[in-house]
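In the two assemblies presented below, chain A is common to both, partnered first by chain B and then by chain C.
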Partner chain A sequence: MGSELTELTESPPEGIRVELADESNVYEWKVIMEGPEGSPYQNGKFLVKLSLPTEYPFKPPTVSFATRIYHPNVTNDEKGSMCLGMLRADEWKPSSKIAAVLQFARQLLSEPMPDDAVEGRIAEQYKNDRSRYEEIAREWTRKHAC
Partner chain B sequence: MDSDDDFMSDVSSQDDFLGTQGSDDESLGEDFDDLDAGFSDDKDLIKHKKKPYEVEFKVLAPADIDHEQLGQVNEVCAILGLPPESAAILLRFGRWNKEKLIESYMEHPEQTLEEAGLGSNFEGTAKTECIPGFMCDICCEDGDDLETYAMRCGHRYCVGCYRHYLAQKIKEEGEASRIQCPGDRCNRIVDSKSLDLLVTKELQGRYRELLTRTYVDDNENLKWCPAPNCQYAIDCGVKQRDLRRIVPTVRCFCKNEFCFGCSLSDHQPAPCTLVKMWLQKCEDDSETANWISANTKECTKCNSTIEKNGGCNHMTCRKCKYEFCWMCMGLWSEHGTSWYNCNRYEEKSGADARSAQAKSRSSLERYLHYYNRYANHEQSAKLDKDLYLKTEKKMTSLQSQSGLSWIEVQFLDTASQALQQCRQTLKWTYAFAFYLARNNLTEIFEDNQKDLEMAVESLSEMFEKPVAELAGLKVDILDKTTYCNNRRVILLSVTAENLKNGEWTFNIDW
Partner chain C sequence: MNALSADEMERFQKLSNNYQPEVQGPLVSIKQSSHSIALDYSNADPTLATKTNALSITHPECRIMKGDGNCGWRAVAFGYFETLFTLRDTLRIETEIQRMKALTSLLERVGLSDSIYEIFVDATEDVLNRTHAAIQNGARDESFLVEAFNEGYCSDAIITHFRILTSAWMKLNPSRYQAFLPMSLNQYCSSRIDPVKTEIDEVGLQALIDGVIEGSGFGVEILYLDRSEGDVVTPHQLSSHNPSGATIRLLYRPGHYDILYPVETLNMAPIVNLQYGMTSDYSSWDQAALGFDVNPSLMAIPNLMQDASFGMGGPMSPMPSVSPTPASPFRMSPQQDMYQSPMPTHAPIPSVPVSPAPHMAPPSSAPPPMTSLPSRTSDGPQIRLNPLVMKPNLSRSLPVTPPFKNSPYNQAHFQNSDFEPIHWEPHERR
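Showing the complex of A and B:
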């Protein structure tokens, strides 16, 4: 875990910056994620909280958006939680890396997965009325993430 | 040897018969099949003859289940030439559908193996190794004496991490048949050989238990007995699609009688779907709505629900101020002066509203007719059960008071069991009848129902007599018990035959 943190802080993946939320607690990470270019989240800086369970790496970390975001795979409330793919307990592997988790989360900003949505309404809109979805997502980004 | 085994199991299924004959000479068994016809009026043999409402089934102990699993694995092993632990994974992947699996393997062996999480490399044996210069990717430990393990996919981790991973999957997630290699994105399934090598005896036991569980769950023919703490499973060939025509009641070794189709306790003669609908209807209080429509009326203008709580028939809706007559539902202004005595019943203006009202009332009464009788038998069965618990006491005191022997008072036990079973059946006849459309068959059904009900009630009455009178009633009780059982058999047989032949007409679609 320590080495993963060192690696992430020293050579972070594109658009991602990692630090501990509190120097004395290695289980809570603060991640600043830049909205990917070409997505409606572009120019936004999202604060993402990553919590590691004590059983890490045998159990998956939980990832949540502290910054409000309009996205089919992130709950549209103050929790901003997400549960998807490799983050699910039955799909998580102990050899999975946090860098991959964060890249996966950022990739999700460019390519939402409406079929695994937690916000069904936004997923519907994403599928049927893409321009309206992008408009709202852009506005939310401007309002909350800039 | 094989034929010998078959022969033995044939004999054991007729244990009762052997018992009553007091014979322990098994060589007699050979003649039984020929003798069956001649003995057909023997009570015990009649008991073994399959009735129209009975289904074929087998009770399996955990050892039988393991044995069956093993047999299937070995068979596939021999046909496909795979190691047994891999054949087992393949079978679990194909949900134990051997034919389909073998077919798919023959067509696309590599693809099938890949999808099952196996890969096509079957070389090498499962063993832990120390590899100089190795570092575990999970815990970052290294050291030349670090014990490591990798499955055939080659993803190597230290034994400690491997163990921890497996223990968590088995203990916390209750997973067994789908535990994958700990490697990121590797879908190889951990086989039983690797598992046995790595985890404790206790966990191996739990793992086997979970595998047995999935074996039964995956098999359409198998179902666990739902009784608490019962470890037996039932093997029965009745399929989901047959459930419209058959009510497959099975009886576990633990004496629990339940429906193989839906795992609820025995609900003959009503088919599963109707049982589900009936329970739903009784449970979700859908009848509250019925009460409302029977006891209240709706304002014909704004549809507010109104309960009349006395007084004049001149209603003024509080909401929309519409004025109407409670009796005929017609407009008040058409009414003239007959305020307390509406005699405009023939007028057209209120007729529609009234007919909807009447329909709702009669449907409520119909439901209550069946529900009350259903609930009554359920209640009585409970009371009879209490009585059953007292039966033993009764039997003991009967022995001391009348000088009867233990064997001579067994009739009480038999009677009480018959009561329970008949009431269970009667209860469900009412749920069944609720969904029946009226025709000649329904009348025959109701006659049978009435016969059984009368017999049951009179047996129940005898049963409650003071202990002193019971000895004198023995013959009557015995007769009544037999009569009840026969009536039940007749009712169930006729109903099951009709169900099988699709003769019943129902008042609903299901």
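Showing the complex of A and C:
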């Protein structure tokens, strides 16, 4: 876990910066994620909290957006949690790298997965009224993430 | 039915996604009697009841794995360590530690970095070292392994190690497995092998054995309990190795694996008089013909027959010294392997009067090794052999207890007409 943190802080994946929320606690990570180019989240800087359960790596880390974000796969509340794909307990692979988790989360900003959504209405809008979705997502990004 | 709002539906969906049924019991149980498995099926389909009954005799002990999705992986992993411990060969464990280290090259070749896999490899190595120490310290039993496998972290880490090795092995040998998979091999590994708590299927199990276990020289045998025809569970060898070596035996019930222990590996110290399957109550059959002078309950005393000369004057006792072909109470009827048919016509040899009649039987009918049941002629034998024990294919599992060892019906007894001395084989542990 320590070596992964070192690796992540020294050579972070594109658009991602990692530090410990509290130097004495290796289970809580603070991640600054830049909105990917070409997505409505572009230019936004999102604070993402990554916490490792005590059973890590046999249970997946939990990823949540501390910065409000308008996205079909992130709960639209103060928790901002995201739980799908490789982050689900039954799909989690203990051999996954945390870098891969963060890249997966950032990829999701570019390509939401409306069929696996936690926010049904945003997913509907994403599928049926893409421009309206992008408009609101951009607005939220300006308001909360810049 | 549409009374639920979208929010509520979502909430329920989430609850349902996160729901994990509570599974009871330890991750790995202590050794227990397989009779409990037979009891589980006593009211089930008769095929299953028959098979589990037979199983509890050929494999009197079992070890139950927790059904949490890891059972097949855990059973193989536990069986691997336990077999190493049972062999009590520290050199072999040292070899295995080296082999496990060498196997990490598979992980490197599929692109896993050591910072990812080392904690899993360490766990396996740690338990190998503990096994080594247990042998050196003369540990009496495998309870240290049961403890290790019931530590969540240790158990998960070893299973993950075996999973990533299996996955790497498959990716490096795609031609052996791709044809059996309904999807691409990479997809299979990432959805069926690598994720935590995904049940092992047949292809995965084969790959686990090929990639991880085979190198140890251990065989793996699966006994399938299903409703297919037959009276015994269907054994299946999954390793190409010489099956006479140490073997990990698994019981498969659809969706679940446990470990089984056959009669051979049991400690023979307490005399279990299995091969006679005696009962003191014969009244249900042939009571009229009960020709014994011997009190039936005396016959249940294991060592009563230790002296071959015991009861030589009795009407039923064979007299090997007088005749090499005694009219045996164990007259064989190989075709008849269940005693359910009392019809004398099923016996290949006409019924024999209850008397020492050495000349009634042709020389070829000398008592063969005890591989089958005696016929139940009207005046036939008074010892009821348990039919399940006497299945021909189970003869190898018969425990050799003192009374049988000293009986001329034992092929290894010098007075047996088909006498064949027991050959000691180095890998056999009796």
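Just so it is clear, the second predicted complex is superposed on the first by the 146 of 146 C-alpha atoms of A that agree within 3 Å, B and C clash if a C-alpha of one lies under 4 Å from a C-alpha of the other, contacts with A are read in each partner's own complex, and residues count from 1 in each chain.
Convention: contacts are C-beta pairs under 8 Å (C-beta built on N, C-alpha and C of every residue); 3 or more make two chains touch, one makes a residue touch a chain.
As the structure is a computational prediction, the values presented were derived from the model and not from experiment.
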Superposed partners chain B and chain C on chain A - clash or fit: clash
Touching partner for A:7 - first (chain B), second (chain C), both, neither: second
Which superposed partner A:121 touches (first chain B, second chain C, both, neither): second
Touched partner set for A:58, first chain B, second chain C, both or neither: both
Contacts of A:94 with chain B and chain C, given as first, second, both or neither: both
Residue contacts on chain A - larger count, chain B or chain C: C
Clashing chain B stretch [against chain C; choices 40-48, 130-138 or 418-426]: 130-138
Chain B and chain C footprints on chain A, overlapping residues: 3, 55, 57-59, 89-90, 93-95, 97
Residue ranges of chain B touching chain A (in the complex, touch as defined): 137-138, 140, 155, 157, 161, 164-165, 168, 173, 175, 180-186
Chain A - residues contacting chain B, complex: 3, 55, 57-59, 89-90, 93-97, 100
Chain C-facing residues of chain A, complex: 3-4, 7, 55, 57-59, 88-95, 97, 118, 120-121
Chain A-touching residues of chain C, taken from the complex the two chains share: 6, 10, 14, 17-18, 20, 112-113, 115-117, 119-120, 152-153, 156-157, 160, 163-164, 190-191, 194-198
